[in-house]
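Next come two complexes, and both contain chain A; in the first it sits with chain B, in the second with chain C.
Here is the complex of A and B:
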């Protein structure tokens, strides 16, 4: 058994990896560009602005890299063991001092930007440039905000266009056989090996301009620092380390995905933890009872009713329940229409009690329960019908089997036969169904969440797919993927518990 | 006998799970109460600080205003242009403060902080909390001072100097100074917070200079009439409060909203998207206090649920769909116990069909002005308004609202005239067959493919009406519904015949450079490659004309050119249908804004609930 479970757990990883890869590449293959979607919400874009901002967004979110590289980066980010990125490296005090010095002189230079007097200093600054320093500066910019804020409006991306470069009418910098950063990259199945080369070329360019047009060199250098600090962290392929998995930041909502999951998962779990046991207990009771009195009036009536329930779409049922049970005008106002709490829930005590003035109040807990009644009904009635029918069928099938007949012949009481022999054997299909229901419940409550205005996982998933919100889609898929594989494992273990004939040896 | 999982075990298990869930919920509730407690403490601290300042001032013998009684400060404030309307409302016989105003959003805004939020709903919230240097006035539609006392435009149009109001405090109790203006501007340009979003919007506002604690000077990179409007539109955040947080913290946080406005977040550091949004009164507000004690926004996704809540009296404001509105007006009992208004305001956007003039490098038939005019003439916009919008829209004559001053009041939308349309097409070289079909000049049947967003039944209905409409004139309209992301790509590559889209609302004055100036054909929003040198010149002239009246005349000329050229067939401007609870008093119709309530402006709230009708105290 232990071996079996271990093997299953080890198999989970390739399964998950495959799942994530399929989702990721399908998402990337779908038409439409995230940067476009992000742009469109904002209107007011002029020719240059749009180009600059598209480039900015692509850089910020790493969308300009080849798809396979993006996937690799994502895996590296969520994996608890992985490579560190340049922004995680902490600089030592000596490096920090150098970077500070450099930025201060750059800041000073820019404040009094005057081509004639600054030649010597500018060259001196550009000579500092090397890959280490960029990294250190990056780190420093994150620690101290001020120098960069000042530079922020002085050196703007759009001031550094091709126009700027062409003004100098200078021969191009020494040609090096390295790919152009701006050109669309072809699919190369490695994390791009050329960052070092690009840096070398860049330093060469800056040095060249440092001789011919120092202010421009300075601008280029500072822009590069800015780009690096906002753009991608470079992955350092030196030493893999243990780290905290990072699910990234939502493109559209611009919040850490973890925060969003932490808000929505408890709500969805609460809904499901209430509706699933409710559905199962009701379904088992009616199913067993209907099977026991097969062909009697209860069986007939419950059969018809359950079939009717099964065929009612949730969206209709939800709106009808709202209109009939929460509406002063069209029905009765027994339940609230939407949300999880009343307006004054903050001021309520936890449990029902008398408040200071001796007035009875229901309290926070019951208020929430009261809000949950209609959503839970909506979530569970469908599974009640389904599981009940399934239970009835399974029990009927088993009650005709040999071992039941034998048990009866031995003179075992009919209740004992039903629960010990028939029911236990009928559990197998129910366990299978449960394994499928559990993962789908997380995303499957989207309709109920929308009707009753509850902010849960379902809505988060649908919205993120619609807006191609890559990090959120991946996080939601990862979580429901993990839940699925765990649910299947638990189901397999349950088979063994429920049925002594099943053994994993 | 091996251990069996019995019913008793199950009961025990269920019992344990229930206890654990209860404990978890109890922790949540305790946390809430603890936060309430912390808020009360914060309020007390702020009040104590204010008291100390006041007693210090008294001790120092600061001269008080002449004739100062308890209402002395308020009369001083009531004299300010911005509060004139509210001051008038306060004199009404039934005026009272108190009660909660409950509104709803269709989706939860992900963030509330102006620096990081980007949706309309968050705007509706933070405009009650933050104020800017100046704001449009309901009466005149002109910009009137708010946090600025006065301003002076630089002679070269390259700067504006603002004198700031003194003794204004943030809801945290900190004094508002020039530092806050400089800080707010800088944070808007801070890429780590604002993602480069507002950097382009404030591009021409290169620098904000602090002259002294109560004077700031905005420097512009070039002269443009919008510079001043953009400078006054910057929402002022508290530097004292926000600078306690790092850029990353501000960016990741959903809240961190502290301003000088009449309302405040009870806990400015905390907001969970999906929870109802509550604003409470800012007791230390410098101006005339608003009538409501609380502003509350619930999140209600389904329109049907929203209607039920409104009918139940749990919502004070409801904007129904046209069908809902009609059904509701037929419900006599509901009409009697509520109030409703239908109005149009100047800040509405419009829908349009853009006729693509250059496709894959070659001019299309729509490059001919007569063809575009013919298309407009052959579309019965009035009928669509009547039958599909149930009358809740108006036909647009151009990019400017007829309620504003930019539109030339003499221009009326092109009428529906099928015959005239066909005549124009014939003039342009098209031919008409005996069966009534229109043929292109090259002899092929005239077919137009219209691209529009899929997924909206209503849009689909409009497009079908258009197809039916044009078929009568012998033109075959082919439908091409696309998903938004694909449509964006098509727009960029200009790969379409005609496209149906809308432009959203802007301020009171909208700049049309973005969509009609020929310099924006290549990579921006002049999607249908329209160009007219005369219009380009007018737009450029308007940009540098700082005198408002003169500029309006230029815009009116531009309107006339666009009316003649019909680069778009301008379609509809929506009207707002608003239903309000009966107890809300002082709901007025006003020109320009349509109604004396603007959800996304910082204008003072004028609606109130008379004392005997108040529900919450």
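Here is the complex of A and C:
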């Protein structure tokens, strides 16, 4: 048994790896640049700026690397055992202090920026772009968990656009602050090369913009600092370590994916944990009843009705229930149309009670229950039909077996035979089915949550897919994959525990 | 082969005097003895008729009309190549199934030849006018230019939106405003449309009838692709067992653990547009992409079934004998083992078609499916997206999906009972 479980656990890893690879490579095979999608939210911009920002974003998220390398980096990031990256190198307090000072002086320079001494500013800023600073900045970002605080100047730089620069430069147009920017010495040693090619290309870009659009060149140099502090963290193969898995940051919402999952998973789990027991209890009752009266009218009618119930598409059931029982305009409105809470749920007491004026109020718990009725019905009716048919089949199968005949022959009452002998043995296949239901939970939740506007994992999944939010898609797949794999394993173990005849070698 | 098959499925049967029938034939025969399967089959036959004769049932083009004393048929002129191919294939199938004199394998070959030739000819030569102005028929009829006209039973094409704007063109006719209730601002039931209009003021019945073609195609082709992949992978796994099985099972698990809907959504969302590029350099129509994707994501369960069957069969005498004769691998796998292990696939396929149809409907419902073509899920999407609940837009498309899925499930259930003699015994009580 132990050998079997160990084997199963070991086999889980290639399966999970394969799942993630399938999802990752489908995303990467898709046409369209992720950077473009990210930029689409930032409104109109000029071709030059768009190009620069696209290049910047691809570098920041490592999208310019080969797909297989990207996948490897992602795996390293989520794995609890992996290699450290250059952004995780520890800095001492002295270094931190120096970095703060340097950042402040850079900030000062940037504030008093005008176009005449643009080149000197560029040089000044670039001179800070040394190895130490990059490392320390990264450390600071890590320590505070809020890069925007520490790197306020970087943010300001990000919002500083060409208009601001040209206002200070007005009225005379900039003469030609090109020559210094053009000199490779001022920029080349500044840029920490990751690969020679990227570096050369970057230098070429900066040179070109230095000639045509100096402010943009400066901006690029500073963005480069951001690149180095956020995105271009190199994997240090010399430092394997145990670490906290990092699911990354959502592209579209600019939030850690873990936070988003922590908000949504409880909601989806709540929905499913309510509907599964409901479905199972209803299904067991009808299944046993149908098997008891097999061939009779109840069995016939319930058989057809359950098949029909199973065939009702969730999308239709959701729309009809919403339209018929939660109709906002004019129709019957017994249930709320969408969401999990009423608008004023924050002010409610937890349990139903009388408030100060003696008015009855439902309270937070009942309010949520009221909101949950329709979604839970939508999620569970399919499983009711499915499990019920299975129960009926299993009970019929067992009622033919020898031990049931023996029990009857001994004169055990028929109800006792049904519940103590047949039913308990019939539960075995239901254990396996419970595991198979887990992967379909997320699928079902996707539809139900999007119909009823519930902010659960299913809705998160569909939104992240629609916005091509790579990190979130991967995280949701990983979570649902792990859930499914564990469910299968637990089902196997339960099966062995419940049925002593099953022996895994 | 067929005698072996019969022995396989009925090991206890005494030698019978009846001529040997293949397992599939016997199972299908038993299945369609049951009323559930018959009801299901009837609905699907109706859908097939809708799919084939859709343009003749619902179209804004008159079947025939008399202009300036001359009869012409705009409907025939506007038939697309696919319409023509479907009609030819349907006619061929009908005729060939009646010609019992010819041997079955010859009939299948003949059918394939005719289907291929007709599609090549139709796509090469059948052209349709680019510009379609449905309103022109009604205008010309009102102007007295068209003296007599023979329309289809539902005289609206699925994308004929202009009907209720004729108030603009002809002041005496009902205007767009008349379809909106003045008091509540809700869309009103518009008379003259069997199942009402959708929110774009297109005829709902017409759209549903034309969408049946897409649903059937997605169901059949998507499932066929899935079964083909499943049989090949599952067959190899079951035949070779050992390390091939171990690796194959991981592959199966991978596709079982990722929720199918999730994978589908990802493909569809990441390859947008009318002609997405699934493989670099190859652009295919969105409908075909959805079929391919349903096939690519749904094969795992078929592979599991086939693997189990083949693991059971691989040490049986007839397989050992085939191997000893030095038959090539594909012959052992697909000519000897497959016919004996195919029955569980039949049940799974029936449920599979149902779930493929559901998948397409769900994709369209979420706004990720077909863009221009009518589809049941898309119609349901309108009901969900609209500002108010319009019962006919929600009811009829959903009913169509439900009835189709129910039909396939009824057939699947009947197949299961027919295949498994054990259940037959149990059901009789």
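The criterion applied here is as follows: the second predicted complex is superposed on the first by the 356 of 505 C-alpha atoms of A that agree within 3 Å, B and C clash if a C-alpha of one lies under 4 Å from a C-alpha of the other, contacts with A are read in each partner's own complex, and residues count from 1 in each chain.
In the analysis below, a residue touches a chain if its C-beta (ideal position, glycine included) is under 8 Å from a C-beta of that chain, and two chains touch if they have at least 3 such contacts.
All of these numbers come straight from a predicted model, not from anything done at the bench.
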Output check: A:31 vs chain B and chain C. Expected answer is one of first, second, both, neither. What do you get? both
Name the contact category of A:304: first (chain B only), second (chain C only), both, or neither. second
Report for A:365: first if it touches chain B alone, second if chain C alone, otherwise both or neither. first
Name the contact category of A:255: first (chain B only), second (chain C only), both, or neither. first
For A:285, select first, second, both or neither according to whether it touches chain B, chain C, the two together, or no partner. neither
Now for A:9: first (chain B), second (chain C), both, or neither, which partner does it touch? neither
Could you look at A:396 and tell me whether it touches chain B, chain C, both or neither (first, second, both, neither)? second
So in the superposed three-chain picture, is A:320 touching just chain B, just chain C, both, or none of them (first/second/both/neither)? second
After lining up the shared chain so the two structures overlap, which partner does A:446 touch, if you call chain B first and chain C second: first, second, both or neither? second
Interface residues of chain A shared by chain B and chain C, listed 30-32, 319, 322-323, 327-330, 450-451, 468
Residue ranges of chain A in contact with chain B within the complex: 30-33, 36-37, 40-53, 56-57, 60, 142, 145, 149, 152-153, 156, 158, 230, 249-250, 252-256, 259-260, 263-264, 267, 270, 273, 277, 319, 322-323, 326-330, 333, 337-339, 341, 343, 346-347, 350, 364-365, 368, 450-455, 468, 497
Which positions of chain A touch chain C when the two form their complex? 11, 14-15, 18-19, 22-23, 26-27, 29-32, 294-295, 304, 307-308, 310-316, 318-320, 322-324, 327-331, 393, 396-397, 400, 439-440, 442-443, 446-447, 450-451, 461-462, 465-466, 468, 473, 476-477, 480-481, 484-485
Seen from chain C, its contact residues with chain A in the complex are 36, 184, 186, 250-251, 253-263, 265-267, 269-271, 276-277, 354, 358, 361-362, 365-366, 368, 377, 380, 383-384, 388-389, 391, 394-395, 397-399, 401-402, 405-406, 409-410, 413, 422-423, 425-429
Sort out for me which residues of chain B touch chain A in the complex. 5, 14, 17, 21-22, 25-26, 29-30, 32, 36, 100, 102, 108, 110-111, 116, 118-119, 186, 189-192, 195-197, 199-201, 203, 206-207, 246-248, 251-252, 254, 272-276, 296, 298-302, 304-305, 308-309, 311-314, 331, 333-334, 483-486, 488-489, 492, 503-504, 506, 513-514, 519-520, 522-525
